[in-house]
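Would you mind keeping the following structure in view while I ask a few things?
To keep things simple, chains are lettered A, B, C, D and E as they appear, and every chain counts its residues starting from 1.
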Amino acid sequence: MPRFIKKSLKKAGSAPGTLVHVGDKRSDAVAISVMDYDTDFLRERKIDAIAEVFPLRDSPTTTWIDISGIHNLDLIEKTGAHFGIHPLTLEDVVNTGHRPKIEAFDNYLFIVLKMLQYDPDREQITSEQISLLLGPHWLISFQEVSGDIFDPVRERIRKGRLRIRNTGCDYLAYALIDAIVDHYFHILEKIGNHIELVEEAVTENPEVDILQTIHSLKSEVIYLRKQVWPLREIVNHMSKEDSDLIKESTHLFLGDVYDHVVQVIDTIESYRDLLGGMLDLYLSMQSNRMNEVMKVLTIIATIFIPITFVAGIYGMNFKNMPELEWGWGYGMAWLIMVVGAVCMLVFFRKKKWL
Amino acid sequence: MPRFIKKSLKKAGSAPGTLVHVGDKRSDAVAISVMDYDTDFLRERKIDAIAEVFPLRDSPTTTWIDISGIHNLDLIEKTGAHFGIHPLTLEDVVNTGHRPKIEAFDNYLFIVLKMLQYDPDREQITSEQISLLLGPHWLISFQEVSGDIFDPVRERIRKGRLRIRNTGCDYLAYALIDAIVDHYFHILEKIGNHIELVEEAVTENPEVDILQTIHSLKSEVIYLRKQVWPLREIVNHMSKEDSDLIKESTHLFLGDVYDHVVQVIDTIESYRDLLGGMLDLYLSMQSNRMNEVMKVLTIIATIFIPITFVAGIYGMNFKNMPELEWGWGYGMAWLIMVVGAVCMLVFFRKKKWL
Amino acid sequence: MPRFIKKSLKKAGSAPGTLVHVGDKRSDAVAISVMDYDTDFLRERKIDAIAEVFPLRDSPTTTWIDISGIHNLDLIEKTGAHFGIHPLTLEDVVNTGHRPKIEAFDNYLFIVLKMLQYDPDREQITSEQISLLLGPHWLISFQEVSGDIFDPVRERIRKGRLRIRNTGCDYLAYALIDAIVDHYFHILEKIGNHIELVEEAVTENPEVDILQTIHSLKSEVIYLRKQVWPLREIVNHMSKEDSDLIKESTHLFLGDVYDHVVQVIDTIESYRDLLGGMLDLYLSMQSNRMNEVMKVLTIIATIFIPITFVAGIYGMNFKNMPELEWGWGYGMAWLIMVVGAVCMLVFFRKKKWL
Amino acid sequence: MPRFIKKSLKKAGSAPGTLVHVGDKRSDAVAISVMDYDTDFLRERKIDAIAEVFPLRDSPTTTWIDISGIHNLDLIEKTGAHFGIHPLTLEDVVNTGHRPKIEAFDNYLFIVLKMLQYDPDREQITSEQISLLLGPHWLISFQEVSGDIFDPVRERIRKGRLRIRNTGCDYLAYALIDAIVDHYFHILEKIGNHIELVEEAVTENPEVDILQTIHSLKSEVIYLRKQVWPLREIVNHMSKEDSDLIKESTHLFLGDVYDHVVQVIDTIESYRDLLGGMLDLYLSMQSNRMNEVMKVLTIIATIFIPITFVAGIYGMNFKNMPELEWGWGYGMAWLIMVVGAVCMLVFFRKKKWL
Amino acid sequence: MPRFIKKSLKKAGSAPGTLVHVGDKRSDAVAISVMDYDTDFLRERKIDAIAEVFPLRDSPTTTWIDISGIHNLDLIEKTGAHFGIHPLTLEDVVNTGHRPKIEAFDNYLFIVLKMLQYDPDREQITSEQISLLLGPHWLISFQEVSGDIFDPVRERIRKGRLRIRNTGCDYLAYALIDAIVDHYFHILEKIGNHIELVEEAVTENPEVDILQTIHSLKSEVIYLRKQVWPLREIVNHMSKEDSDLIKESTHLFLGDVYDHVVQVIDTIESYRDLLGGMLDLYLSMQSNRMNEVMKVLTIIATIFIPITFVAGIYGMNFKNMPELEWGWGYGMAWLIMVVGAVCMLVFFRKKKWL
């Protein structure tokens, strides 16, 4: 279950705050993109050295530093030192096995989220950790790999939409979280479609490997639930936070995200119930079908066994078998057999087995 | 599972407050009906342009604007602008995938409810979102399609029933919610009758497709539960709200609705338990019946197999089979077979398999 | 499931406080019995017109008005008007589908309880709603049908037992609730005895219809649970109520009732567990027994099938079958068959199938 | 289920505080043993008349009155009157069907506990109610039958162990509760050993009556749980009680008992899980074993049925059957049969059924 | 279930604080290792007599006394006396059956933890109790057997890592707890790998003993859960403790451990779900496979039984069987048999049983 336990397996007992990258070793450069803006002003660039953005820490404009790739520990340590990030936070940024959480520090909020993707080939959900550091005038986001999930937010900033340009870092953080949660709905939709297909298949044309499909859908839903569940408390906490870092006006928007998260969790729970019910239905129908087969087959066998016995009797070679000599012996044997079969059928019919 | 996830699948990350209509594209006009009344006075009309009612916003009379159809985004935006509705609220009004919720804003309460209908043809519950905006002297209700659910309330207003004419918008909101919750009981009754029929069928005349009926009833109950559960908290919240928008005198009536909601939820839970029990009972009875069939049939087969073997023995054509020559050989063969069969029967009877 | 949903199916949306009698239309007169007493004084009578007791409302003596029958809406409305009862309360009194609840009003407490009876013929629990209105010096109890459940309380009042004569309406309410809860134990005892009989039957002499008995016992326990569960909170609430209507000294007695209610609920939960376990046990034992039957029967068949084949071989009529000519051919055939059967038996024995 | 509901079935509605002994009528005398001690002083005696100890009520020494037998209602009423015990408490003392509970009165604490015994013959847990009345300088314990459970505590008092002689009634109450809880571990150990034996039997040598053993172990665990669960809250309540009756210094010891109770409950829950898992395992293994049997047997039958058919063909007596005349006809028949059987075996092997 | 209940089975009712060693009698010496350090200074040694460290109690340096082995009761009593440890604490130190817990005393915190090991041979988790006594300047740790779990912490102290040398006893306690919790992840990883292997086996190559493997994995997960669950509350309690013994600065680190514990518990719950699902999947697949076998086999049998009957008919020896004389009689018999078999096959095919 590597998916279920991804915590860094560093030597137990090592000091906290030790940065150890977890995951595949990667050598590609880390992509750093910076957006610095206020209502009237926007400067967007991609930089190579993190030190270029250090001066922006104290500028009153909103600065969003998006770091894609967490395998460059040196860069992360430097950033941490400059922005006054606690070593434990940095450890959590690079250790991607954490469950979603929020932690308040004196000068920043630390939020761990999970970006989920549905891999259509393996029919599996993959999870990527996204860490947000929300300071007074800056927001640093760390992604494991660079993706396009935040592009719509960038687009809104570029377009100069009033609210996002006016409202500062906390609203930006909200926009990013909202983008992530919105993406969950796409995954739910894909899984929901899959469940619908499977449900039709169960009632109409069940095949044997449907069992494994139901099982793996259940595993995905369990996995999804584990990733999303803690988010509820996080967003609730943020939307009620009395911190200086989150302005009153943003609470309303966070409340909206909270509703979405609750809706996601509700839907996950409904999926669990539906999948459980489908498994029961599949098994019950299989068993019913099987029983029907067995019943008819056994009845056929049972009718022929006694009359075959009669045939066997008169196949015996005893010298002295008077019936064999009778002219109407053969007819009588047929009569016995037909009457026996009919009696059996009537008995079965009366017992309602037919 | 389109029913379980109806959230607008707008591009993840787009700005909040963007109005996007979810559902089938519709071109028919939106029906707007307005009732403006106080104790002595009532004016009821159907209007075409929403602007006609704007002056009523500040009049001290109670104004109920009922808008059937949410596909005219322009109308909704205009209404929102005039009545000071937050963009997030408007987004939620048109986005019909929300779970029931209540949100307090400075100048109004926003309540999302689900109007449920039991579609007798498809044996499925359909859900329609109803949004209420409760202001100081006005109440705006949005329905997805125009229905007759609020007609009894209109009738009460027309008849000049004292309480509803005297008590203002909050009581009107209560009356609408009460009408919706009362309708849930009709659905529960229909489902309950269906369950009762199925239960009888299970114990008396089970057929194979009863399994699917039980399964689909369970799905409906899960769906119903998802729609009704959040209502409990909403009504509880309203009945304890210390807002200016809900008067003390209305709390008692909301408490009454709360009791009804709890009763609905209780009944849903009982239905779940009953359906679970019925499935178990059906499967157990099927299995019992099957076992009985198999037992009798197998016993018949088992009795005849050994005696058929005896017949087979004396059907052999060996030259030298002394028994065949004996005059009483045939009788002896019969004796062996009858004794064998009787022994078998006695053995089965002793083992209580018969 | 009429038992599970008995709410009045009045037209959804009708005004609250509308009195609509639910249940069979009845034309028999409503029985009103009045007990008016204090420490030294007791006056008991049966009256026809409710107006006769109106003067007692303000007398300092304790007045208990017991109204058996709630189909006379006029009487109930008059009573409500005189004693200052809220219309919603009156609606709840006649609408017998409510779950147990308690509601505090300015001048009285409204308590809804369920009187349960175990109908031995239908093996079903029937429920009757009992409403108590507890005022400062009066207590009005409404029963659906007149029963003997309150007779012991009446007897205690008549006998002049000190506590009940001294302590006023709240203690009287306690005594009535206690009588109802005590009756639950009788029902539990009856169900418990039934469960015990069924458990014996399961392990000793299971018959097919035991399944339906277990199922219907489970339904009864679910029903019982739904009726009793809310009582816990009601009595707890009363025993901690800081109202003027319930004196400090009565709290202790209510605490005692609370213990009994918890005990009832505990027992119900244990019954659920036991019935669930019994169903599992029955099914497992059935399946075990079935398996045993099938195994022995199949083994018999399997031993005879190969040796019957041998007999079949030598029953063939080929001209050229050397074995048939051999003098010891017949003996050899027997040998083959016996050795085959013995091998099979040894094999089965070794596999531990015998 | 007499074990699950032992409440006195006195006439419902009778007055509270009525003493009615529940259980077998007994005529043997009630044993009263008294220990009166402080640090330096100990007087122990068995008395016949309860009045002998009445003077000790007000003495500053610690007085422990242990009354074994609760069928002498007169004695209990006298004791109650002298020590100022509430009638409801006395009712609870003699009514042994109560669940464990604690109640604080002005001048004493009333604690109801369950002494459990594992009856090795009937493999059943029996329960005996123990009531403790903890006053300022006296502690009265009521047992249903006299047992040796408190002997170690008596021994400690006799030996003059410092803590128990110094610390007064509350510590004595703790010591008694601790003795009772410690005894639970013995029962858990016995049940645990039984479970271990059964688990071995399930995987190694399952017999049919193991089902009933698992079922009855489950019933015992349900029963145990019902008896022990309320104790958690009781001890927790005592260890946090701010009453004069329980000294600060005793809280720590009660906390220790609380840990033990939680451990008992934990173990009970684990037993439930284990027994549930064992039942599943047993049934699955039975079903697997059965399937294996059926498969092999059916395969044998299936191989022989077609070839027996071939033998049957050439056992027919048609005049005109050319094969019968052929010299190599018999060999050919054998060939067909052997090839058929081998094909069948290969097919089964390919399908992995063998 | 010795693993589930390890409480000392001392005579019930014996005095609290009695030290009784639980477990195998051991005669080897107890290993005592002492580290005494502050920022600049470190003295590490192994000692034989506990009295050697007594002077360090009052020194301002951080003193860590690690005692491996709890069978030397004399040593533990001496230590307790010198450091002012409550007798109940000492009892809990030697009684290794306790569940994890934390207790605050005036001068120290007492923490009971479980060190878990996965025994690869027996595929079983073994548990060892670790007790921490956290005083103002000293920390005493008791282990049942000496292990290497704390070595990394020792290493960090030796290396003079700043934080651990600067921050005192509470941080040391955190480091030890963190080391223990980190070790849990190793166990989870091992179990997770095992589960993954079993899951593959279930879907690809299920064997009969996989059932027992799943069962024993479930038992291990239940055991693990019982050991880890209480830790959540303990660490939460510590991280919010307002005691002098735990400094503000350490709270953050304890919060980090808390996250890890929650992650462990989450993973355990997911494992439970997965194992439950796997068992269902295995059983369903077994049953499916079995059904497939049975169906094909029964069909073969059913086709041959009627046609064997035909062969039996014409094997009868009646004198007067006209068909036997016909020239084309044999061909006709074959025709009947082939047509019969084909009809049967068509019927089965139409019924979709083939």
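The working rule: contacts are C-beta pairs under 8 Å (C-beta built on N, C-alpha and C of every residue); 3 or more make two chains touch, one makes a residue touch a chain.
The structure displayed is predicted, hence computed values, not measured ones.
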Required minimum of steps from chain B to chain E, each step between chains that touch: 2
Centre-of-Cα separation between chain E and chain D, whole angstrom: 26
Geometric centre distance via CA averages, chain D-chain A, whole Å: 41
Residues within chain B bordering two or more other chains: 287, 294, 298, 301, 305, 308, 312, 315-317, 321
Topology of the chain contact graph, where touching chains are joined (line, ring, star, complete, other): ring
Parts of chain A lying in touch with chain B, wherever the complex brings them together: 149-153, 156, 161, 163-164, 175, 178-179, 182-183, 185-186, 188-189, 192-193, 195-196, 203, 252-253, 255-256, 259-260, 262-263, 266-267, 270-271, 273-274, 277-278, 280-281, 284-285, 287-288, 291-292, 294-295, 298-299, 301-302, 305-306, 308-309, 312-313, 315-321, 351, 353
Chain A residues touching chain E - in the complex, by the definition given at the top: 1-2, 4-5, 7, 9-17, 86, 88, 92, 97-99, 101, 103, 208, 211-212, 215, 218-219, 222-223, 226, 279, 283, 286-287, 290, 293-294, 296-298, 300-301, 304-305, 307-308, 311-312, 314-317, 321, 323-330, 333
